[in-house]
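A, B, C and D are the chain letters, set down in written order, and residue numbers restart from 1 in every chain.
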Amino acid sequence: MMILFLITAFVAIAASILAITRTNAVHALLNLIVSFIAIAIILFLLGAPFIAALEVVVYAGAIMVLFIFVIMMLNVGAETEEKKSKWLSPKIWIGPAILSLVLFLELTYVVLSESEILLQSSQITPKEVGISLFTQYILGIELVAIMLMAGIIGAYHISRVKRKVKHRFLKEE
Amino acid sequence: MIILIISTLMAGGLLAWFLSKTNAHLSRIIALISLLLCSAAFLYYFITNHEIILASSGWLEEIHFTWIPQFGISFHMAMDGLSLLMIALTLFLGILGVLASWKEITERTGFYYFNLLWILAGIVGVFTALDLFLFFFFWEIMLIPMFFLIGIWGHENRKYAAYKFFLFTQASGLLMLLSILGMGLIFYQNTGKFSYDYIDLLTVQPEGTLGLLLMFGFLIAFIVKLPVVPFHNWLPDAHTQAPTAGSLILAGLLLKTGAYGIIRFVVPFFPVASHQFAPYAMVLGAIGILYGAVLAFSQTDLKRLVAYTSVSHMGFVMLGVFAFNELAYQGVVMQMVSHGISTGALFLLVGMLYERTHTRDLTQMGGLWQNVPKIGAVGLLFAMASLGLPGLGNFIAEFLVLSGSFQASKVITAVASIGLVLGTIYSLRLFQRVFQGSMHKDWRISDLSTREAIVMGSLIIAIVWLGWYPQPVIDIVQPTIQLVLDQMAMHATF
Amino acid sequence: MSQIPVHYAMLLAAILFAIGLIGVLSRRNIILMLMSVEIMLNAAGLAFIIAGSRWLQPDGQVMFIFILAMAAAEVSVGLALIVQMYQQHKTLDVNSINKMKG
Amino acid sequence: MNLSENIGQLTPFIIMVVAPLLLIVIISIKRNHLFSWLYTLLTFLLVAITALLAMENPLAEIPLFALDKFTYFYTILFSSAGFLIVLTSYRYFENRTEQKDEFYVLLVMATLGSSALVASRNFVSLFLSLEVLSVSLYALIAYLRKNELGIEAGIKYLVLAAMSSSFLLFGIALIYLETGTMDFGILAESLGPNLSVWILGGFALIIAGAGFKLSVAPFHWWTPDVYQGASSPVTSFIATISKGGMVGVIIRLFSSVKGYEYPSLVISISIIAIASMFTGNILALLQNNIKRLLAYSSISHLGYILVAFLAIPQNGAEAATFYLVAYFITTIGAFGIITILSDQDGEPESLDEYKGMFWKKPWLAACFSLVIFSLAGIPLTAGFLGKFYVASAGAGAGLWILLTVLVINSVIGVYYYLRVITTMFSTEKNEKTLPDLKLLSGAGLALLIIALAIIWLGILPSGIIELITRSTF
C-alpha cells in the first residue's frame, strides 16, 4: 500500500517536473497528462474512486484536450514546421512512456491482487458525495453553474473572430 | 450670529463664483456686500449686547446640536471675548482684502472671491468651534482655498509655495487629529462615552508622558501655523508668492489661528505639560524674535522682508503665551490684533508698490517719496508700528508681553528685548531703501487712489486707536484670559 | 482511514504545489504558465481529498469537484485570451507583450 | 434548510442569477444596446430595493450562506455601485464598435459573485463566489478586444488570479485538514488559543490569496497594469465591487474566528497594512498616468482599511465598512470621470490631458477635485470621515504605530493628489479638447449623485453610520 503510494507519488512529481521544464508545449502537455493520471491513482488509493475517475476524464481528458486544441491551432509558421520532425524522436516520448509504464504496472497489480486496497477505496462512497453535493452544497452547484456560464460567455466574447478567416482547423468559423 | 456669518460668507462665495460667468465685476461686489452684511450684523450684535459682552465671564453665544452621535461629535460653537475680537479682526481684514484685490485680480475673479470668502468662513469657524472635531474641520477648510489662492493667483514661484504651505500645515494638522483622537479616547476610558467637546475634554487632564505627547500633537499644529522657528520654513515662500490679499490674510489671520489655538486649547488642556515645556517654548519664542529680525534685515525681496518680520513678531506671541500670567496674555492678544493690522498694512503697501512698479526688489526701488508721498507717509507710519513706536498698537503689545514674561524668565526676556532693537533696524532699512535715497529708475507712478486711501486710512485709525486706547480690547478678552489662568492654577503647581 | 499517512500525502500535495508555483514564476510561455497553474490547482484538490479522507467526510471530494469546474471555466477563458493574444502579437511570450511599465 | 420558505430573503440573489440569463436570451434574439443598458440599470435597482426590504427580516439560516444584515448591506452597496458604473458607461460603450451587451451580462454576474462572497460563511462558498467573480472579471478586463493592453491585462490578471486562487485553496485545505470543518462558525470553536503550524500556514496562504484580490502589498504587482489595461468602467468595478466583496468576507471570517486575538495574524496583517500604505503612496508619487496613479492610491487605501481590521473589537468592522462606502463612491466618481472624458481615440490617461481643465469644464473639474479631495481625506468629504472613523477605531484599539504610519502616508498622499488638482487648475494653455458632458445624460446624473453623496457622507454621516452599526457584527 505504502509502496504503491510512494511509486505513484514519484511518478507524479517526476512528470510534473518534466512538464514545467519542457520547451515545447506539446511535450509539456504529455508529461502533464501522465502527472494527472498518477494523481488519479493516488486519489484512488486515498479512497476516492469517483474523484479519481473525474480526474482522468475531466483533467487529463477534457481540459488537456482543450490545451492541445489551442496549441495546435496556434502552431502556424515555419519554426514549428521544422520542429515537427523532431516530435517523434525517442528523446521526447521516452520519459512519459516510462512513467506511464510504471503506472500501468501498478494498476495491473492493484486490479489483479483484488486485495483490501479495492475495498478500502470506497470509504466515502460516490453516493455520499452525491447526497452531500445536492443537499448541503446545492447552492454551490448553482454558483458553479453561473461561473461556467460566465466562462462560456467570456470565452465566446473574447475569442470571437470578426473577420471571417478560414482557418485550417476551424473551417466552420 | 456665528452661523449667520459663516453661512453668509459661504453663500456669498458660491454666489460670486456662479455669477462670475455673466459679469466678472459682479463677483467683487457680491464678495464685498456679503462681507459688509456680516460686519453690519456683527456690529449690530455688538452694539445691542455690548453690556453683556463686557460683563459676562463665560460664553456669549452658544450653538449646540448633536451631529454624529456615534462619535460623540456635536456641532458646538460658541463665542467668548477672544473669539469676538478675532472675528472682528477677520471681518475687518476681510473687507480690506476684497478691496485690495479689486484691481489686482483680473482673471478668474469668481473663483478667487469664492476662495477668499471661504477662507474667511473657515477662520471664523476656527475661532468659534468648541467641538474639536468641528475645529479640525474648519482648520482644514481654511487650508484648501488658501492653497488655491496661492497656487493660482500667486507670483512666479506659486506652485512650490502652495505645496509647501499645504504639506506643512496638513502634516501638522494630522498630528493634531491624532491628539484629538487621543483626548477623546481618554475621555471615553474615563467616562464610558465618546465626546470631542471642549468643555468635556477640559476635564481629561492627561498626565505625564502621555500628556506631553498629546500636547505636542496640538502644539506642533499651532506652532507651524504661528510659525515658530524650526517650523517657519513655509512662511516666507507662501507670503512672498501669495497675491496681496492672500498675504494679508495669511499674516493677519491665519497666523493668529495658531496663537488662538495655543491659548484656547494647548494651555487649558495640558496645564502641567505646557508648564513643563514652557522654558523651551519661551526660548523658541526668543529665537524666533531674533532669527526673524536678522533674516528680515538681510532680505532684498520686500515681501519676504515683511514675511520675516512676522516670524519675529510671532515670537513675542510664543514668548507671552508660555509666560502664564495675565500681563503677558493681554500682551499676546494685543499683539495678535495689532500685528494683524500693521503687517497687513505693510503687505498691502507692498502690493500697491508692486502694482505700480512691478518689482519687489529692494535694490530696484529707492527715492519713491518724491513720487508718492502719501504712500511714503503711510509706509513710515506702519514701519514705525512694526518697530514698536509708542503710541501705536504694537508698542503696547510688545511692552505687555515683555513685562509679563519678565516675571517668568528674566534671561529670556532680556534676550528677546534685543529683538526690539533689531526691529528698529530692519524697519528703518525698509523705509529708507524704498522711499529715500537715490532713484535707481525713473519711476512715474501714481499715488494712493481713493479706494486705497480708504483702506489705508481705516488701518491707520485702527492701529492708532489700539496704541492710545487698548483698554476695550483688554477688557473684552479678560474673561478668556482668566479662564485659561484659572485652569492653569487649578492643575499646575508653580 | 486509509493506510497512507496523512503527512506523506500532504507532502506530495505540497511538492506538486511548489512545482506548479515554480513553473508559473519561471516560465515565460503563457501556455506553460497556464499549465503550471493547473498543477497548482490539482495539488490543492489533492490536499482536499486527503483532508476529506482524514475526517471521513464527503466535503473534500465535493470541493474537488468544484475545483475541477473552476479549472475548466478558467482554462476556457484563459485559452480564449491566449488565442486573441496570439492573433495580435504573434507570440506566446509574456515578456514581449509587456507594454505597460511604471 | 428549506429554501422555498426563505424566498423573500433570497430575492436579491435570485434576481442577479435570473437577470443575466434572461438578458442572454434576449441578446440572442435581438441586440439593442439601449435596452440592455436600461435593463441592467433596472436589475441593479431591483436588487438594491429587494435587499433593502429583506434587511428588515434577515437571519434566515441557509447552508453555506449567511443572509444577515451585513450581507444585505453589502449587497445594497454593490448593486448601487454597479448602478452608478453602468450609468456612467453608456456612451463609453456606444462609442466603440464592439458588441456591447455581454458587458452587462458579465457585470451582473460578477456583482452576484461579490455579493455571494460577502454572504459566505463557509470556505466552500467563499471559494465558489470568488471564482464567479474572477471568471467574469477575466472577460471583462479584456472586454475591448481591439485594445492590446486590455488583452495583456486580462492575461496577467488571469494567470495571477488563478495562482492566488490555488494559494487560497491550499490554505483552506490545510485548515480543513487540521480542523475537519470549513464552516467559519465551527472553525472558530475548534481553534484553540494557540494555532498549530498547519493552521498558521493555512491562514498565511489564505492571506496571500485574499491579499491578491485586495491588491495589498506585497501582492499588488498586477494592480497598475490591470487598472491601465482594462477599460475604465471595468477598472472601476475591479477597484470597488471586486475588492469590496473580499473585504466583506474577510471581515466576516476575521471577526468570527477572532483573528485579532492571535498575535501572529495581527503582526502579519500589520506588516501588510504598513507595506501597502507605503508602497501605494510612494509609487503613486512617480506616476503621470492617472489610472496607474489611482491604482497605487487604491493600494494604500486598502492598507488603511486593513488598519481598521485589526480594530475589529473596537468598531473596526464598522470603520472598515464606512471607509469602504466612502472609497466606493469616490473611486466610482474618479473612474466615472475618466469614462466620461473618453472618446473613440481612447481614454485620457496622461495627467497632461487634464491641464487647465477647470477653466474649460468647471463642473466636471469641480467634481473631479471633490473626488480627489475625498481620496486625500480632506474634510467636508466622505474620505475624511472614513479616515477619521478608521483612526478613531484604531486609536480605540491602541494601534498607535499603525496610526502614525497612516498619518505619514496621508501627508505623502496629499502630495500626489495635489498634483492632480494643480494640473486641473493650471493656467497654462492646453490644446487638447475633451468631450462634452451633457448634464441630462446618464453620466451627468451619476456624477451628480456621486458628488452629492461625497458631500453628504462628509457632512452628515450619522444616518449611514447608524445603518452600518446595525448591520455589522
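To be clear about the criterion, a contact is a pair of C-beta atoms (placed from the backbone, for glycine too) under 8 Å apart; a residue touches a chain by one contact, two chains touch by 3 or more.
All values derive from a computational prediction rather than experimental measurement.
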Selected interface, A-D versus A-C, where C-beta contact pairs are more numerous: A-C
Subunit A-subunit C separation of Cα centroids, rounded to whole Å: 11
Where subunit B and subunit C are represented by their mean Cα positions, the distance between them in whole Å: 65
Inter-chain centre distance, subunit A versus subunit D - centres from mean C-alpha coordinates, in Å: 36
Centroid spacing, where centroids are CA-atom means, of subunit B and subunit D in whole angstrom: 43
Residues of subunit A engaged with two or more neighbouring chains: 137, 140, 144, 147, 150-151, 154-156, 158
For subunit C, residues that touch 2 or more chains besides their own: 20, 34, 50, 52, 57, 59-60, 62, 66, 70, 73-74, 77, 81-82, 84
Chain contact graph, described as a line, ring, star, complete graph or other shape: other
Sites on subunit D touched by subunit B in the complex: 359, 373, 378-380, 384, 388-389, 391-392, 395-396, 403-404, 407, 410-411, 414-415, 418, 422, 425, 427, 460-462, 465-466, 469
Parts of subunit B lying in touch with subunit D, wherever the complex brings them together: 67-71, 107-108, 133, 136-137, 140-141, 144, 147-148, 151-152, 159, 162-163, 166-167, 170-171, 174-175, 177-178, 181-182, 184-185, 188
Complex contact set, residues of subunit C against subunit A: 1-4, 8-9, 12, 15-16, 19-20, 22-23, 26-27, 29, 31-32, 34-36, 38-39, 42, 46, 49-50, 52-53, 56-62, 64-66, 68-77, 79-84, 86-87, 92
Complex interface listing, subunit D residues touching subunit A: 3, 17, 20-21, 24, 62-65, 99, 102, 105-106, 109-110, 112-113, 116, 124-125, 128-129, 131-132, 135-136, 138-140, 142-143, 145, 154
Subunit D-touching residues of subunit A, taken from the complex the two chains share: 135-140, 142-144, 146-147, 149-151, 153-158
